[in-house]
Structures are given as structure tokens and as C-alpha cells.
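Notes follow the structure.
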Amino acid sequence: GYARIDHDRVRRRGFAEVVYCEGKTPEQSAEILARLAARGESNVLGTRADVETFELVRHMVPDAEYHPVPRAIVVRRGSERQIGSVMVLAAGTSDLRVAEEAALTASVMGSRVERVYDVGVAGLHRLLREIHRIRQARVVIVVAGMEGALMSVVAGLIDKPVIGVPTSVGYGAQLQGLTPMLSMLTSCVPGSSVVNIDNGFGAGYLAHMINELGEGVHGHRED
Amino acid sequence: GYARIDHDRVRRRGFAEVVYCEGKTPEQSAEILARLAARGESNVLGTRADVETFELVRHMVPDAEYHPVPRAIVVRRGSERQIGSVMVLAAGTSDLRVAEEAALTASVMGSRVERVYDVGVAGLHRLLREIHRIRQARVVIVVAGMEGALMSVVAGLIDKPVIGVPTSVGYGAQLQGLTPMLSMLTSCVPGSSVVNIDNGFGAGYLAHMINELGEGVHGHRED
Amino acid sequence: GYARIDHDRVRRRGFAEVVYCEGKTPEQSAEILARLAARGESNVLGTRADVETFELVRHMVPDAEYHPVPRAIVVRRGSERQIGSVMVLAAGTSDLRVAEEAALTASVMGSRVERVYDVGVAGLHRLLREIHRIRQARVVIVVAGMEGALMSVVAGLIDKPVIGVPTSVGYGAQLQGLTPMLSMLTSCVPGSSVVNIDNGFGAGYLAHMINELGEGVHGHRED
Amino acid sequence: GYARIDHDRVRRRGFAEVVYCEGKTPEQSAEILARLAARGESNVLGTRADVETFELVRHMVPDAEYHPVPRAIVVRRGSERQIGSVMVLAAGTSDLRVAEEAALTASVMGSRVERVYDVGVAGLHRLLREIHRIRQARVVIVVAGMEGALMSVVAGLIDKPVIGVPTSVGYGAQLQGLTPMLSMLTSCVPGSSVVNIDNGFGAGYLAHMINELGEGVHGHRED
Amino acid sequence: GYARIDHDRVRRRGFAEVVYCEGKTPEQSAEILARLAARGESNVLGTRADVETFELVRHMVPDAEYHPVPRAIVVRRGSERQIGSVMVLAAGTSDLRVAEEAALTASVMGSRVERVYDVGVAGLHRLLREIHRIRQARVVIVVAGMEGALMSVVAGLIDKPVIGVPTSVGYGAQLQGLTPMLSMLTSCVPGSSVVNIDNGFGAGYLAHMINELGEGVHGHRED
Amino acid sequence: GYARIDHDRVRRRGFAEVVYCEGKTPEQSAEILARLAARGESNVLGTRADVETFELVRHMVPDAEYHPVPRAIVVRRGSERQIGSVMVLAAGTSDLRVAEEAALTASVMGSRVERVYDVGVAGLHRLLREIHRIRQARVVIVVAGMEGALMSVVAGLIDKPVIGVPTSVGYGAQLQGLTPMLSMLTSCVPGSSVVNIDNGFGAGYLAHMINELGEGVHGHRED
Amino acid sequence: GYARIDHDRVRRRGFAEVVYCEGKTPEQSAEILARLAARGESNVLGTRADVETFELVRHMVPDAEYHPVPRAIVVRRGSERQIGSVMVLAAGTSDLRVAEEAALTASVMGSRVERVYDVGVAGLHRLLREIHRIRQARVVIVVAGMEGALMSVVAGLIDKPVIGVPTSVGYGAQLQGLTPMLSMLTSCVPGSSVVNIDNGFGAGYLAHMINELGEGVHGHRED
Amino acid sequence: GYARIDHDRVRRRGFAEVVYCEGKTPEQSAEILARLAARGESNVLGTRADVETFELVRHMVPDAEYHPVPRAIVVRRGSERQIGSVMVLAAGTSDLRVAEEAALTASVMGSRVERVYDVGVAGLHRLLREIHRIRQARVVIVVAGMEGALMSVVAGLIDKPVIGVPTSVGYGAQLQGLTPMLSMLTSCVPGSSVVNIDNGFGAGYLAHMINELGEGVHGHRED
């Protein structure tokens, strides 16, 4: 009764419903994940999952994996081909949880992912040293807390779509991430857009969609 | 003294600096636009421009165009080829100003643009009737004021990147666009991202970049 | 000394004072509930009650019931007749706590309640499949977290009063429910109104009052 | 191109699309209103309309009426029967604009409307003197600015659904109506719900729907 | 080193510095309280104190008292005369903590205090029944959470200064007390003013000062 | 129809209803003021009135006065006795409008008013020089914009009730007065309370009530 | 009566009171400026002054100057020596008003001022090209609207105190400057601090004080 | 992989990267601190560190110190010379944590630090008694919670740069420090600027930079 899985989603959008485990009981999350895995139409992903939920899933789906940094559950049921690539940047070490959620999501969906971490604007040369490599990617995710200035700086230096992910890292006027979120939204550099605070999942998902376009995968799955 | 034009931008990002005319004197805006037009490296765009600014520009650049709905100035100096396409949806008639800014920007940068307007969720069948056509585009811009629910509904029905543009259309709890902005950022549907309130320009710019990727234009212009 | 029960309320409003147990000591809540049960003029309801409070109540009122999902205490002292009906929709599994508080309240007051859960706009066909059944109800409660877009979509499809209940399900820009609350208040679809975040109780109460009107129960109890 | 009238709305929801004239050009508003009037399936309503818009409408639809206090345009094309009733309360004289928008909307849709104005809680006896009359109505709209306390007081005294309409009347901490809006949403009295700030239209619309239910009009128009 | 007691305060303002124990270590709070008690110039009050702090104080000052509801420590060192009176109203049982802090403060400073609790506007007759008694007081404190409407209603019925104390009782749009705070500040009834959320102490302190004025105590202590 | 004057107010609260002219038409305001003046039971006050409203009043009530700084209309119909006193402090010259509204209100109600203006904390010695005189008053109103620090400083130096009036003077982070309002509410000095931003009227009204208490005027008018 | 000039300020703080002309009548501003000029103890500055105010001042003080970009009035009465230097950076042309207010203030107080304008992070090379020159200054003011990222980038590249001035340039999520203000306050780069939105004056004033310290001017004027 | 230490920072900015331990695992923080200590180019500082992190560091760096009040880790690797001085003021005992973070930071960087604590404006004479001593410092840090009025008062009395540090000490309308932050930003006294809420570190860092300027240390380290 409580869950009405959108089994049509793989056909319509190319990837199974992703389960947001926060606010569900471990039993609810596990059951939904197991049912999605059983269909086996695409890789299966559960985000914001604790270890207790994972243990329940593993009982039902022995090959399920747990990724502790992004707190995610993955069941591999799709092709292993990886296209791309998607670049994930993180401003500081404290932003890793979110960056890894983005990287895992894009990867599970089929993108090749590269990472450049701890390149906040406090020491700009660290970023500039990697800029050539960053420019090779098809789409760039910038994960940053504090004031989120990294996103504007990156967007100004490259000519690919940039997805900003503000994080809740910081305190006081950082307002649990509202400040970098507002900051990224009012960036003086065009070519970027923003997802919700700490929403690594959403950024990885969108990055993969853009990456697919660049590969010449032109969908219209529904039709 | 007051302006330091980023003439390197065409090489670095593929399109000349776009002039945000609000908060500049008409003289300042006009001079910058004329100097960019004189270089002739790409089309030139000035946004949020009033007629007075346009008159000054026209004196210096006779073939400049004024687009009254989005209040934009255009000088054609680039190729006329159009790739694509970019789809622009608008929820209501009052959102047209912003929708047209997005459409013009993408078009001036080189995208073929399609429009589907007044398809707010109050009469869902209007949207569903067009959904097949919407799915043909490479990237979809959704312009919506009030509560901005249209973006989630569209993103749930297609498998292409969606760019949400919240508008300030509404009153009271709409908070001059903050409500649809927050709403779009917390959408329960992945595959979308958000630009600033009323920022048709930013949406059109990003949409064109994604559209280019889909065309196989793989940049790395700088290198 | 601490509580001044409004014993006139059944006569004036048709239902006994409902006890909001949060912020009261278990002893205070239990005593008030027991005194209301002792009068036996109508069913008795305590919301946001923990198990400790319930144990105290059960000592004094052996036939008291505890409903763990909505965390509510009920003592049946009224008629068993149920009129109706009230429809409760929930966007996601995480919204169940609130949806069940709404459903229980309406039911305890005398409404027949129907439920359609997990019909968020990410997979619209799930909602459309049930729309005929939803239209049969006299009044519809829509419980939704994230951006709350479900309420507008439902209101646009039916011709009955819709009560929106924003929930605190989500994170970041969801602002503990402020975002769907603002969103529902600025809905582009008329025919709806909104209660406080997570206030399933208030929605159920109002829905029952409207349902009663539809039954031809025309009150003026006071006079 | 700019407007896609939802002509299905009368069948689906019992009343034609209401035109929100703010943010549209007078020409756009007038044309839409004229087209709706031409179909003649129900009364036609345009809200937030200025006199210039009305003059354009009158050219095309000679029997159009203008209501200056709520700034609304009405074209009568429906039945003249009035059911009900809907009671509209206003806390102060400055709230009249909004109260009259609510009253007009309910009336144009087919409800008999009664008014009790200037009964703010500063002089409670004014309200108490009218309470018997207020209790006769099927549904009560409470329009109040400042802190909006009137809604709670009224809801506590009657047993009918109450619709709160916060207004932007006040200054400073009144926050253009956010304060009474939040206040009404957190009312300690159940049986009420809230619409957007200054949204007399939405309150009147919903009140009529509830009033209809009380009349035994049980819709399911779509089916 | 950490504390610089303002020993001049009794002479300047008629009452010793009151110790806000939150955010201090128990040792710091206890030492300051003991030093104030040792001077013995007036009663001594510590607010927001936990039992651990009290135990430390009792070691040094055996006749110290602990008041668990308002979580306050009192050492009696002043006159026992009580003038007055100060009336404390509370809207609901959950507001008692704050109401008792107000009552204790005024009493410890030398006011006779009366209490009327659980008279929220949901059952107005409960308040009206006590209104005669309320009018006898010199100054009235109104403690209310949720939307705080009680303050306006009381102020409209009496002709004495009213001090509003918004509380954090409620959830969602109540915003931890910001809503009743804003509400009380924008009250449509003059003759009232507001202190910080949950600040029973500040209300009791001010009430006593006003009460003293009414007694003909005309200070100018400093001079 | 639009106004229901609370003629009972003089008996109940000692002063006629004060008319808030903002948001009323000049005709509405003028008529209400004239009717109050005609009863002649107390002085009559209209706040936030423009000259146009005053001209209409003067036609009907030739002895009406206009006070341009606070934009208020006064009709003298009460006793001329003045008790007191009430002290009005203003931090800066830009706060005068509000300070004069407070001073006029208290004076029209029967208080003797003293003024000390332009004593902001930037030059503390200006305040200290007047502190002896300030201590003579029964109650002190502090009008301050910017950050509103003056209120805390004054309250710390005297032993009389202090009423803080935050003003909207300032820009940016001053948030149209929200900053000094919040600041005054969280003052580290007890003995003060706060009214709405720019609400000189409310401060003057309350100050007079407190002043009256100090005079031994003990009301209970209603009984 | 309305103004109490702090003539002690030159002795205490080294510079005469600066007049904030907004919210004062032109007559009030002009008179205060003229009186300060008459004392002739230091240069005199009036900020946010319109031309009307200036014309009044010029009548009384013929050598007064008007600076239209920052809208400031200056009367030279101090030494002409200039120490330094203070560097003023501006992100965009629209920030000039504020940048020039900062530059003028520091200069009028006695600092040599250098300017580097239009070096926003969208074209980082423009900034990097000037970084050597920027490093020569003793203190750097960064004026930036939109998201204000320039301040962090600059602070990371130099080893001098940085003063951030957020401006209200931008729209939507820029929140009239709150976004860059919050952004600068949560900068991931230490060595900076922030003044109010658009407060060029405050930045210039503080910069001069720091510059003076670097010159070996060690004040203690008061003593 | 996770950390990219900015080893260039000592050369560029004169002090090693300071490690913000919140949001990092103890292992991550400890490793970074140990690597910085190993280079031995300057003192090393870790802020917001818990004891567990310190224990890990001590294993690797036996002479590391832990400062429990500001929760900081220090490793001495720089010169012991102290210039200055920097004055740290705290309004109340509850602000000590933040004040000590500021004092420690400035001291570890090479400043001589003086402290004057518990001098809030409630008892102004405590501050005035120390004002002569405060004036001797080169730069003054003011740490204050509640409404933060102390900063304005101090800035008005001295002629040195003032750095305001709002703290989260307080409740309700204090908004976890937003109120004193906004308050300090809108101070009516020039010569001050503000850092983030509770950011003692940032204030100490900046104070040291200014102190160095006053010593004649003129950097341009990079060049």
C-alpha cells in the first residue's frame, strides 16, 4: 500500500526510480530497492541510506553494494559501458560526501567520472594547475560550501555546462547552504545552473543526461 | 576607465561578453556594445536595455536590432547557422518577457528555438497535447511564475535536461519569484537545474551550450 | 490549575477539544485526555503523543487506542456512523506520517476516508490512473513534501475543494516545509487552500467539516 | 500565440478560466476576456484589471461591467441563480479591496454573499453582536491584515469552514502580509485554512465550491 | 577573569544583575550567583539554569531555591513586601514554562502575581469569564505560542499596559516563535509591546517596573 | 457600511479609536474622524494622514490641526491637563518623523512630553550629558534606526520602563527596520519592550498608559 | 533642536562627523554641513546627497564640491597630504557608484587612492594582470554585486587586509545585496571583513584608518 | 587524494593554511595538521577540533597543544616574537569560546593580545573604566552576542579599526547570531567591519594582519 513503484520510468527516462531513503523506514526502503533490483532493467540506486537499511537489502539482494561516504546503496543490473566524461570538482575536504554522491550517481548511470578535489579559491593556483584537464570533460559539477565562489571561477574559465552544488559546509551566515545556493544562482558568469543544497544526486543525474547528449544518445524513449 | 572588455571571451568561451545594461548609464552600455560590435567576432547581445540605450547604439551601429518584449539589443556579427533544437515552455502569458529573453539568447548564440506557451498545470491537457513535440528537443527551458509546478511535471515526462527559470509573476507568498525558485530547486524529479529568477538570458545561454554538445561541438577553445 | 478544558466545545463546534500533546508533560496530556473521555460526549483525540503518554492514558482509560504512524491516541465515545467521503493523497512514502494523521482525524470525527498514496508528479500516470476514483470524494486532502507540486496538479483536474498539507520532507531549499507551503499558497489553480506544515490534523478536521456540509449537516449548534 | 485558453475548464471545473490581468498587456487581457465571453458558457471574470483594460473589453463586449474596489471585470453569461450563503468578514476598512474581490468572485460564480465589515478584535463586541448572523452561513471568509487575529477568534466561535485571507495592510513587521499569513497558518483553532496574501479571488472561488457542496451539487463534471 | 559583576546595579536599577546561565559552565554560573548572594543587597535570580548548576549553588548558598518549571534559581536577600499586582495570562498548557518564568521574576522583584492560564482564543468564553479579575491588575503579561492572537484580544478588552511574550510553542509556519512575535508586534490594538520569544524573564522584569510606578515608587536611584 | 466605529472605546479604554489613514480613501478617513469629533468624548487622532485627507476633515471640523512631521490630524475635544512626564529620545535627525508621532500621541492623550534628539551612540557623551534629565521621566521612548543600539544603552543607565521604537532609517542589512527591531528584542538589558517598526503611535499610546499608572490613575473604566 | 553636532569628534576620532543626507530634509542636511564647515577642523563630507541639498550648501559654503557619481558633498578644510595607499577594486561597471563613494571617502580623509575597475571573476585574467599593482597597496577594498565572488579570489592572492563591500547590483536571488553580503561573510579565505551593502563610505573610512596605522600614525587622540 | 595542501600559502600570505576541522574526519584533520607541522614553515593551527582529533595529532606531533575553550590545536613552528597589540573585548561570559578563538589565532600568528571581558552595555561603566587601556591597542576585536550593541559603543569611543564578531549567544529573535551580525553591519558608527557569526578565527587573523601593518611589516611576500 505505501509505495507505488514507477516501473514505467526506465522506458520513459532511461533509468529506474532512485530511492530517497531518508524519512522512510529501513524496511520500506529495502523492500522498494529489492523490487527494483528484481526487475533488473537498469542499475538501482538508493540515496541517503544508513547501514541498517543496507543490511536489510543485502539479505534480499546479496550483490548489493554500500558506499559509506555518500551513504548510498547500489545494485548493478545495467550495462557496464561508460561514456563521457563528467568532471566532479570539490572546493574542500568537507564537501566530499556530496561530491561522491554526485560522482557515484553519474557513474552508476553510465558516465565515466573524473575527480579534482580541494581546489577552493583560497589557493587559486591549485585550480589553475588542473584547468586543462577540467576542460576535457563534457560537463563539470562544482561542489562547494562556504560562499561557493568556486563555481563562478570555474565557469569563467571553461566552455562547458557547469552544474553548481551548494553544500551546507560552514556556519553562521552560511545558513546551512542557503548562502552558496543564492550565490551560485546569482553568479556573474553564464553557462551554469544550480541544484538543491547537498544534492549530489541531482547533479550527477543531470550531468549524465548532458553527457549522453554529447555522446549522440538522443533518446525520445517514450515514443 | 570604467569598463575593461573581456575581448578574450570569444576565444575562451565561444561568445562575446553579454552586456547587462541595468545599472549602467545608457552611454556606458552603448559604448561597450558598439566596441564589441566593432570587433565583429561573434553576435553581440545587450540585455535589460531600454529604448534610450538602443537609440544611442543605433547611432553608432546602424544595423542594431531592438527586441521590445525581452528588452534586448542584438547586433548580428556571427554565422547564421542554427543547430538544435532548444524548446522554451512558458506557464502563463505573464511569463512571456522572460521566455522571450531565453529564446532570443539561445537563438542569437546559434540554436534553433521552438516555443510552447501558456501550458500551466491548471489545464494539464494543454501540455500533454504538446508533449510529443517537446520530446524532440535536445534541451528544454521551463519558464514559470506562481508556484512553478510546471517544471517538475515536464521533467517527469521527458528524458532531456530541463532548465527551470522561476519568474517573479505572482504576489504575496510568491515572494517576487523566490517561491518558484525554491520550489524548482527542491523538485522531486531529477534531471533539472535552476537559474536565477527572471534570468531568461542565463537559461538560454546554458541551453545553447548543451545543445552544442548534442551537435558534437566539443570546444576546448582555449587550448 | 494548568488546564481549563473547554467543555462547551462539543456543543459549540460538534467535537471535543483535541489535545496537542507536544510540549505538555505526559502527565498533563494523559489527565486532560482522561477527563475528556470521562465526559463521553464525543470521540477523543490526542495528537503528537508518544508511547509514554499513551501508557498513562491506558491506565485510566483501558479502551484507549494508540496509532503509531501518526502518533495519536484515540478514545471512541461517539457515534460510529461515517459519512462521506474524504480522499487523502500522499506524494511519497515519506509523507505517510502526516497523511495518516489527516486520515485518522477525519475518520475519528465521522468521515469515511479513502487513501491514494505515492502518486508524486515524477510519475504522473500513477495519479492519472486514479483520477476517476479521486473525483468521487467530496473533499480532497493533498499531502506533499519536496516542492509540493502535486497539489496544483490535482486541483486542476477535479472540481472539489482541495486542502493542501505541505510536509517537511526534503532538505536544503525545502526549508523544513516552507517551500511547499509557499508553493501551495501561490498555486496557479484556484479551489484550494493550505494548512500548516505537517498539520495532518488540521486538514482532516477541516475536511470533515466540509464533508458534513455536503451531507446536509447544517450545524448552528450553538444557537 | 501567447494564450492557449483552457476551454475545457467549464466542463471540467464548472467555471471558465479566470483571467489574472496583472502582468499581461491590456490588449492581451482584453482579447482573452472577449474570447471567453464569446463562448458564453459561464460568467467571465478578470481580476486585477485596470480601467484601460476594461475600456478595451467594453469595446468588444458592451455589457461588460467594471468593479472599481476589487478592480475586476465581469461579463454575465451564466445562470442568475444564487445558492448559499457565503459570509465575508473584514477586520478593517483598509481590507475592503480584498474582501470585495472575494465577495464578487463567489457571487459571480453563483453564491449568495453576505458582508460584515470592520469587526477587528480591537473592539470585540462588534463581532460578538453579529455572531448569530455569521453562524447562518455555510462557509465564512475572514479577510484581515495587521496580525490577522480575527480569523482565529471567528473560527473558535462557529462550526463552519473558515477561509483566512491575510492582507498586506500594515507596515514594518507586518511584512506585506506575511505575518498574518503565517499567523493564520499556525492558528490554535482548527477548522480553517488559508489562501495567499490579498487573494480574495482564491477565497471566493473556494468558498463557492464548498457552498455548492452544501447545496447538494455533487459535480464529477468531467465524467 | 571571565566575569565582571556589575555591583553598581542595585543602586542604579534597584535589583541585582540577573544571571543568564545558558552558555556558561555550571561552575561559572554558580560562582557568580554565590558572589551576588554574598553581597545580599537584593534577591538574586538565575534563569535557564539546570539542576547541576543548582547543586553547585546550594553547596555555597544553602538557602538557595530551585524552581523546576521555569528552570530558575532564587536566593532571597531582599524585602518580602509585595506590591501590585501583575497578572500573567497563558494561552495554553504548553506555555507554562515561560509564564512561570515571568511570574517568578516579577514576584522575586517584589510584585504580587496573579495567574490565569489556558485561556487561548479557541474557547473565548474562558477568557471573558475572567476579564473582570484581569482588569484589576496594574499590568498584564500575555504569554502565547501558536499565532499569539490572545494578546490582541486581551489588549482590546482592558485599559492597562499589556506585555506580549511570544513562545516557541508550535511547529512549521510558527517558525520557533517568530510568527507570534511578528503578530504581536503588528497588533491592531494599541497599548501593548513585545519582548523576545520565550523571554518570560524580560516580561516579568518590565511588569514589575511598571507596577512599581503605579505604587508611587519613583526611583531616580542613581542620583 | 464600510466602518463600524467602536464608540464604546472611550468608556472601555479611556481614549477614542485612533484612525490609521493609510489604506483608506481620504473620504473614508475624513468621515470617520469627523464622526469621532462630533461625539466629542475625547481628543481625536488620525495617523499617517496626507494633506488631502486633512483638507476634507477641515471642511467638516474647522478646528482640526495638521502636524506635518508625523503626518497626523488632531481634533482637541478632551481635557487640557497634562500629567507626567514621557521622555522621547531619538538617535538621529532622520528618526524625527517617528519620534514626533510618538510625542504627539502621548501629548494628545494627556501626557507632558519632553524630547532629547540626535543622541545616537556614535557620540555617547551627548547622551550622558542628558542622562540626569532623562531619569526624571516616568517612562522613556527610544526611537532609533540603523542598528538601534541606543535602546540598550539607555535602558542600562536608568530605572524606568523603556519602549523601543525601531525605525526603517538605514539601508541594506538594516532591512527596512527589521534589524533594529530584532536587535531591541534581544537586548541584553532588561526593562524594555518593543513596538512595531516606525510605530511612534503605539509607543506614545503605551507610554501614556504607563504614565497614567504612575499618576495614580487606576482605570477599570469598563466596570 | 533637531541636530546635536558631535563637535568633539575631530579630537576623539580624527575626522568630523560625516552627514548621512538620506532621510533628512535638504535644509537639515545643508545646515549641518555648513556648521561643520564653519568650524573648519577637518574636511567635511555629506553622503547620499541630492543636487538640491548641494545647491543649499553652496549658498552658504561657496567652495563646496559635488561629486555626482557617489552623490557626495565635500568641503575641503583639512590638510592636503595624502598617505598610503588604499586600493579600490570594482567587479563591474554597475558597481561604480559604490566604489567611488569608497574612493572619495578615503581620499577626503587623507589617503592616496588607486582604482582597478571591471575585474569580475567572469574574466579572471583581467584581475591577474593587475595583481602585482594591487599587492602594493596597504589595504584593499573590493566592491562587488551579483554573488560577490571577487572578494574571496582577491583575498586569496594578496597578504593585506581586504574590506568587502557587497552591492545591490543584480536581481532575484541577489536579494538587493544580501547574497554577496552573506557570501563575503562566509568567505573561505581569511584576512577579510565586510561592511553593509552599498556602504562605500564605511569601507573608505575603515580603509583610511588602517592605512594610517601603516603610516605610523598611532592616534590615541582622546588622551 | 582528498586534500591538496596549499603549501605555497606561507610564501604568499605569511602563514600556513589553517585547518577547519569541522566536517572532516579526525583522521583527515590530523593528517593534514601533521603534514603542515612537518614542513615547519610557520606555526600551525587547527580550529573547531575535538579531543579525538587532538589525540591523533599528538601521536604524530608530540609537542602539539590543545586549547579546550576555543577547541583549537596549535603546533609551534614559527618565531616567538610578538608585536602589537591586538585587544579582544567580550560582552559576556557566554561569548568566551569565540573570544578565545580570536585571541589564540592572533597570538599564534605573532600578535601580543590583551583581553577585556564581560563589559556588555548593560553596565556601561565597566567599559568606560577600561577605555584608556583599550585605546592603546592597534586594533580592537569586539565579540558580542545578544544584540551586539557593544561594537557600536566601542567604535564610537576610539580611533582604531574595530572588527565585530557577532556570536550565536542568545535565543528567539537573536536568530543564532544573525541579529547581532545584521546589527553590526548597520552600525551607525564608522570605522568597523564584521566577520561571520562565531568566527573568532577570522577576526584574529585579520587583526593580526592590521597589527602587522602598524608594525611596519609591509609584505608583498609573493613578489
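Residue numbering begins at 1 within each chain, and the chains themselves are lettered A, B, C, D, E, F, G and H in the order written.
We take it that contacts are C-beta pairs under 8 Å (C-beta built on N, C-alpha and C of every residue); 3 or more make two chains touch, one makes a residue touch a chain.
Just so it is clear, the model here is predicted, and its values are computed rather than measured.
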Set of chains whose contacts include both chain E and chain B: C, D
Chains in simultaneous contact with chain B and chain G: A
Chain whose average C-alpha position is farthest from chain H's own: D
Chain A and chain G: spacing of chain centres that average the CA atoms, whole Å: 43
Chain C and chain H, separation of their C-alpha mean positions in angstrom: 51
Per-residue overlap in chain H, given as positions that touch at least 2 other chains: 92, 122-123, 157, 172-174, 178, 181, 185-186, 196
Inter-chain touch pairs (all): A-B, A-C, A-G, A-H, B-C, B-D, B-G, C-D, C-E, D-E, D-F, E-F, E-H, F-G, F-H, G-H
Chain F-facing residues of chain G, complex: 1-4, 6, 8-9, 17, 20, 22-24, 28, 32, 166, 168, 176-178, 181, 196-199
Footprint of chain D on chain E - complex, ascending: 91-92, 120-124, 146-149, 152-153, 156-157, 170, 172-175, 178-180, 182-189
Residue numbers on chain F that touch chain G, as the complex places them: 92-94, 96, 115, 117-119, 122-123, 125-126, 145, 169, 171-174
Of chain F, residues touching chain E in the complex: 12-14, 18, 132, 135-136, 138-139, 157-161, 163, 181, 185-186, 190-196, 201-203, 205-206, 209-210, 213-214, 216, 218-223
